[in-house]
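Two complexes are shown next, each including chain A; its partner changes from chain B in the first to chain C in the second.
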Partner chain A sequence: MPSQPPLPPLLAPYVSTLPDSSLTLISSILGATSNWLVLRFLYAALSSASPNAAFGLDELQNGAKKKVVLVSFMRSYDFWKTEAKRLGLDLTRLADKKQFAFVDGLSELFYAPAATATPASVSPAGMGSSPRTTLPMRSPPGAVPGRSPQPVRPTATAVRGNLAKPAESGIAKKLHFTGRGLASLDALEADISSVIEQQKSSMEDGDELLLIIDQPDLLLAATSPSMGIGATEMAEWITGLQQRAHATVLTLATDAPLIHNASTMSGQLATPIETEHAALAIGLAHRARSVMQLRTLDTGAAKDVSGVLRISRGGGMITEEDNLEEREALYFIQRDGGVKVFGRGES
Partner chain B sequence: MSFRKRNIGLSPGVDRNAVPNATAQPVPESTPGIRPSPDDGRPTTSTGTRSLDNLLAGHAGLPMGKLLLIEENGTTDFAGALLRYYAAEGVVQEQKVHVIGVPEQWGRSLPGLIGSAESLDEKRSDRRKDDRMKIAWRYERLGEFGAVAGSRGAPTTPGEQDAAAKEAPAFCHAFDLTKRLTHPSITNMSFIPIVPSKDSPFPAILKRLETAITSSAADTIHRIVIPSLLNPTMYPPDACQPANVLQFFHALKALMSAHTTRVTAMITMPLSLYPRSSGLVRWIELLSDGVLELCPFPHSADAMATSGAATSQEEPPQGMLKTHRLPVLHERGGGSDQNVGQDWAFILSRRRFEIKPFSLPPAEGDTEAQDASAAGGMPKKSDLDF
Partner chain C sequence: MAPVNLSHRRTHNLLLISKLLSLRDTASPLTLVLDSLEQPATPLLKEYIRRAKLSKVHVTLIAFETLKQPEGVDAFISTRRKSTADIAKEVNAAYQPAAASNPSRRRLILIDSINPLLNSKRVEPGFHLPSFLGSFIAPTSASAKVDASLVVTYHQDVPEAPQPNPYTPSPISVLTYLATSIMTLHSFSHVLAQKAARDRSLAPPVFGLEEEQEGILLSRLDRLAGTGTAEGIVIELEHRRKSGRGVLEWYLLPPASRYSPQHLKEVVTLLDDNVLYNPPMEQDTAAGDEEPTSTFELGLTDRQRREREGVVLPYFDAQHGDGPGEGGRILYDMGEEDDFDEEEDEI
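And then the complex of A and B:
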C-alpha cells in the first residue's frame, strides 16, 4: 500500500488558499466526522514553513507565515497531538514557536475539576466580567502587549490556578463556561481573542492567522434558550471571533435530526435544540465562502470508501474572481491515518 | 495483502516481528484485564462480552478512555445484559466499578463467573468439532482477534494472536446469567445514587466520580456504568433538559480524557422514550465514542427469527445490532473497518451474548422441498445398487 501524501492533491487547493476574512464551514455527521479534514487544514497552514527551511529559503522569501489557533470543544489536546504527529506535525513544538495555539474547550468547560475549581462565591453568576476572574492564567511566558491588565482579578486566584496544575505544554488556555447568557459567551470570546492577540503580537506583516473552531455548536446544544443563548447569539459570537482572524474554519454537526426536524414539513414538534441548531447551521452556511460537507455513502458502507466530501460555494462568496470549483469526491481514511481523496469511479 | 512479503512463510516466528511494535505503547504489563490493541497498540479492556469486543473496530476490546453508548428499542433489556457483563468483567478484573443511578440490588444480580471466555469457546468448539468441515486447519483461528464469524478483521496474523493469548490469558470472561457473581472484590463496587434535587442531578454525580478517580491509586482502572440513562423512573424530569444531560456528557468526556488510560464507560439508553430522530439523542451520540443500537425482533417475528439461523444447530437471532459509531475509528474519520455497515444479529443465551453477521434464511419453501426430497425423492443406495 503506497503511503499517501499528507495532503491529497485534490484537496490541496481547498485547504491551503483561504482568502482574507473568509469563513469555511465543515459539516459532519455521526458516521463521518470532520477531524481528519481539520487536521488537513492544520497541515496546510503549519507545514509550509518547514520544507522551506530545509531548502534554506527563509521566511524572507516566503513572506506569508501562517499561524493557527485551534479551539476544540469536543476533543482533547492529546487527540490532536497524536493525530497531527501522524502527519508529521509536532504541535507542542509549533506551540513553542508560537505558530500554533490550542484553546481547550473540552476539559474544564462545564465542570472544572476540584483541583482547579475556584470557589463559586468569587464569581456570582450573571455578572459579565466575573468569569474572567476564575480563569487560571496559563499562557506561556512572553510578550503580551495586546492584553490590558484586569483589575478585577484577585491575584490569589491566578496564583492558585497556576499552582494547582503544572502548565500543560501546548494548551494556551482552557475555557470555562460560567454565568448565564451573553455574559458567558462574551467571557469565552474574550478568552479566545486574548489567545489570538497573543499570537498576533509576534506576527510580522503579511502573516496570516487561521482560526479553527471545532464544533462550537456544542455550546448551543448544551445551553438552552432560557439561558439566553440562541442561534443569533452564537452567530454573533462567531462573527466577533472571525473579525480577529485572517480566515476562519468552523466545524458543525449537521445530522438529519438536527437540521430537518426544525422544518414544519417533518410533522414532528421541533424542540429548541433542533430549531436553534438548524438556524445556526443554515445561517452560517449562508455566510460561508465554502461549505465542505462530509457524509457517509448513500448506498451503504464500503470497504474502501469512508465517505463523501462535497465542496460547494457558500452564500458568502466574496468576489467574482474567487473561482472556487465545486466538486464532490470520495474519501478514504486508511488505518495509518493517510487519506485518499478521489473522484467517483477513480481509485 | 500486498504489505507482506510473499516469499516468507507464515510461521509465527517471523510474524512476531510485528508484535513488539504494537506492544511498545506504555501499557503497564502487569495490569490485569488490560491489553494493547492489535490495531494500534493502545490499551484496551474487555467489555465482558467477547463478540462485542471483537466488534470494536479491530481493537479487540474497548479502548481506554472511551465511552460506549448502547441504545435499545422496545421494552426488552438486552442492553442491560451487556451492561451486567461489562460490570461483572470489571469486578472480576478487580477494577473499580462505579454504577450510577441504581440501588445496590443491581450489583447483586451480576451474572456468575464460569471461566475465561476462551475456555468456554474451547468447550463449544469441542462440541461442534465433529460436525464442522475442516477446510484448512491453519486458517482456523485466523480471524480470532476479530473472531466474529466471517469477519477477518484487521491484519491479524497468527503470531500476534499467540502472543496475545499468552500475554493475557483471561482478558475476557464468560458469565452465566442464571447464576450470581460471587467475587471478593464485588464489595468494592460503588453505587452513586441520584439525589433528588431541584437542579440537575448530574453535577453531584460528576463530583463523586471525579473525586473517586483522582483520589485512587494511579494504577486503578475504573469502569463507569450508567444503566438506562434518563429513564424517568430514576431520573428527575429536569435531567433530560439538553442543558443538563449534554453538559453531563461533555464533562464526562472531559473527565475521561483527563484520565485517558484509566477509565472506560458504558451507558445504556431506552430509545423508545428518547428516539434517535430527536436532536437531543443525536447530540448524546455525537458526544459518545461508540454508539450501538439494539433492535430486538418483536415476538410476532419469532417464526421469521427461527428460520433466521442458517442451520438447525444455530440458535435463532433475537434481534439486530447496528453500529453507528465505533470508538477511535470514527474519531479518526471512520469507514475502513469491515465491521461497519454490516448487518449484525445478536443472540442472548444463558451463557453468552453473541454478535454475528445477520443473514437471511433460505427461502421458506425450500425446507419443505428438501424434506420431500429426503423422504422419497432421492433414490436410496440400495435402489442404485446393481
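And then the complex of A and C:
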C-alpha cells in the first residue's frame, strides 16, 4: 500500500483553518479513538512545509505561524512524541523553538512526587468522619491508570512548590490537582495559562495559538459533583482557557453509557457521572463551531476501514461567511500510522 | 385542514409571530426557546437581534456559553464566576433609559443557555429561578418604565441534575409554567422526513442523540436523503394569551441568507403554507371525486329535485288512519307532460 500524505486531502480544510475563538469538539468512543485526529491537528499547525499547496491552503499557512499548546490528560508525552515522529514532527525540537508546549496532565495529576516534603501518609480508616478530601492516586504512567484505595493528603503548598523543578525535556509543565472544588480548577487553569502566556510572549502579530485539550473529561470523572465540580464548572473552566487561545480543540469520550444513560428517554436513574458527563459533552457540542464525531462502522468490523468520521456543525454562534460543509467519511489507520480518509464507496 | 380555517390562521397567527419576534406591545414578557443539538437556537436568536436592531431595541445578551460579543448586541454580560445576584445587578445596570427624552424604550434580554445555571453546583442555596428571571422583566426601581422582554434558551437534550429535594419541580417544569410563549425548534429537513414517513404509515425516523447509537451526538447533515434543499427552522409555538386562551401554531423561519438584514416584511410563514411540507393538491383529483363518470346522466336538475321532494309517498297517506284499506293509495298529480292512459290510470 502506498504511504499516505500526513494530512489526508479530505480532512485538510477541517483541521487547517480554524476561525478565531472557535471551539472544535472531537468526540471519540472506545473503539474509535481520537489520537490520530489530534495528531493531524498538530501536524496542520506545526509542519513548516506546506504540503497542501495544491489545495489552496498555503496562503493561510504562509502568513501566520502557528503555535500549539497541548494539554493531555490521558496520554503521556512519550506517546505523543513517538506518534508525532511517525508524521515527521519532532516535538522536542519544536518545543525548543517555542512553537510547541506540552502540559502533562497525566503523570502527576493526583500524585505528589516523593521529593516533596509530605509523604502520602496512609490515614486510618476514618474516611467518613474526616472532612478532608480523599483523592484517588494515579499509578505511574504506562500502567493502567487505576485508583488506589489509599487516600492521599492533598497539600497545596508542598505540591505546588515543585513546579520549579526542572521538567523532563519538552514538558512545559506538569499539572497537579490540589485542594477541592473551584479552587483546584482555578489552580489548573493558572498553570495552563502560564504556559500559554509563555508561548504568547514570543509571538509576533498574526501568529495564532492553538490550544488542544485532550480528554479533560478525566477531571470530571476523577472528581465528583460532591466536590463541587460538575459540568457547569468544567465548561466554565474550558471557557477560561478558550479566552486565551486563538482556537481550541477538545476531545471528549462519548461512549453510549456516558451519554445515553442520563437521557430522560432511558427512564432509569442515572449516576452522577453519567449525568454530568452527558451534560458536559452535549453542552460543549452546543457551543462548538464544529463537532467531529468518531465511531466504529455500523456494520461491524472491516479489514480496510477503521471507523467513521462525521463532521457536523455545532450549535455555536457562527458568522455568516463561515460555511463549514458537513460531511461523513470513512477512515483507515494503516500499520505505519498513516491515515486514509475517503468517502463511502471510494477507496 | 379546511381552507377557511387556514386563511384565518394565516392572518391571525402570522400577525402573532410577527408581534412576538419584533417585541411589539410586549406580547410575551418571557419567551422560552427549547432547542436541541439537531436544531440549535442560534438562527432564531440572530433573527431576534436583527429585528431588534431594525426597531432600535436595546439588546442585552447574558452569555452562559457564548465567548465573544455577537454582532448587534449592545450589552454583553459574561456570567463566568459570577453569582446570580451579581448577574442581575449587572444586567439592570447595563441599560439606563434616558428617562426624560425617551420615556418607554424597549429592551430585549437574551439568555443563550439557561442549563449551566440550572446545573451549577455553585449556585447559592437561596436561589429562586422565578425571582431571578422576574428581576429582569420587572426591575425593582420603577423610576422609568422599560418594556423588557426576556428570551431564555433551554437545551432540551442536556440532562438535568437531580433535584436535591424530590418534591421540588424540575426547572424545566417551572420554566414552562412561567413562560408566556414557548417555542420548540425543529430542523425543517427532519420535519419533512418525519412527515414523509407518517404519510406512508411508517414509524417516523429519529435523529442525533435519539438514535442512541454509540458515538453519535449530531445527525444534522446538509443533504439529508430525500429532502432536497430544505433549509430553515420550524418553530412550534405555544402562546398563552392574557385571557388564558392558548394558541398553537407551526411556523417556518427561512435561513438568514434568503433575505437581506434590512428586510422589513415578515419572513416567517406558516408551515402548512410551505410547498415542500404541504404540496398543493392536483386539480383533477379534487374535481373527480364528486361523481363517477358515465354515459348516462345520473344527476338531477333543480326542477326535478324540487318535484321529487314534493311527492307524498304512500305510507304517509296510510298514516291518516281513514280506516282499513283506505290509506296507502298512490296519489299522483299529473304533470303537463304526462299523457292520460285510460287503461292504466284510475282516478
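Quick note on the criterion: the second predicted complex is superposed on the first by the 278 of 347 C-alpha atoms of A that agree within 3 Å, B and C clash if a C-alpha of one lies under 4 Å from a C-alpha of the other, contacts with A are read in each partner's own complex, and residues count from 1 in each chain.
Assume a residue touches a chain if its C-beta (ideal position, glycine included) is under 8 Å from a C-beta of that chain, and two chains touch if they have at least 3 such contacts.
In this text the structure is predicted, and so the values were computed from the model without any measurement.
After the match on chain A, would you call chain B and chain C a fit or a clash?
fit
State whether A:Ala32 touches chain B only (first), chain C only (second), both chains, or neither.
both
Just chain B (first), just chain C (second), both, or neither: which does A:Arg180 touch?
Touch status of A:Arg180: no partner.
Between chain B and chain C, whom does A:Lys98 touch in the aligned arrangement: first, second, both, or neither?
neither
Contact-wise, after the overlay, does A:Gly315 reach chain B, chain C, both or neither (first, second, both, neither)?
second
So, does A:Glu108 touch the first partner chain B, the second partner chain C, both, or neither?
first
By the touch definition at the top of the document, which applies to A:Lys81: first (chain B), second (chain C), both, or neither?
Neither partner.
Examine A:Asp255 and indicate which partner it touches, taking first as chain B and second as chain C; both and neither are also allowed.
both
A:Gly240 in the overlay: touching chain B, chain C, both, or neither? Say first, second, both or neither.
Once the two structures are laid over each other on A, A:Gly240 reaches chain C alone.
Pick out the closest CA atoms of chain B and chain C after fitting on chain A and give their distance in Å.
Shortest inter-chain C-alpha distance (chain B to chain C): 11 Å.
Give me the intersection of chain A's contacts with chain B and its contacts with chain C, in residue numbers.
32, 255-256, 272, 274, 296.
Using the touch definition from the top, list the residues of chain C that touch chain A in their complex.
Chain C residues touching chain A: 35, 37, 40-42, 45-46, 65-68, 70-71, 80-81, 113, 115-117, 119-122, 155, 157-162, 209-210, 212-222, 256-257.
For chain A, which residues count as touching chain C in their complex?
Contact set of chain A toward chain C: 21, 23, 27-29, 32, 182, 225, 228-233, 235-236, 239-240, 242-243, 254-256, 259-260, 262-265, 270, 272, 274-276, 278-279, 281-283, 285-287, 291, 293-296, 298, 308, 310, 312-320, 325-328.
For the complex, give me every residue of chain B touching chain A.
2-3, 39-40, 154, 203, 206-207, 210-211, 214, 241-243, 246-247, 250-251, 253-255, 257-258, 260, 276-283, 285-287, 291, 324-325, 330-336, 338, 340-342
Note which residues of chain A are touching chain B in the complex, please.
Contacts found on chain A: 1, 30-33, 35-36, 73-76, 78-79, 83, 106-111, 113-115, 218, 221-224, 226-227, 253, 255-258, 261, 268, 271-274, 277, 296, 300-307, 331-335, 337, 339.
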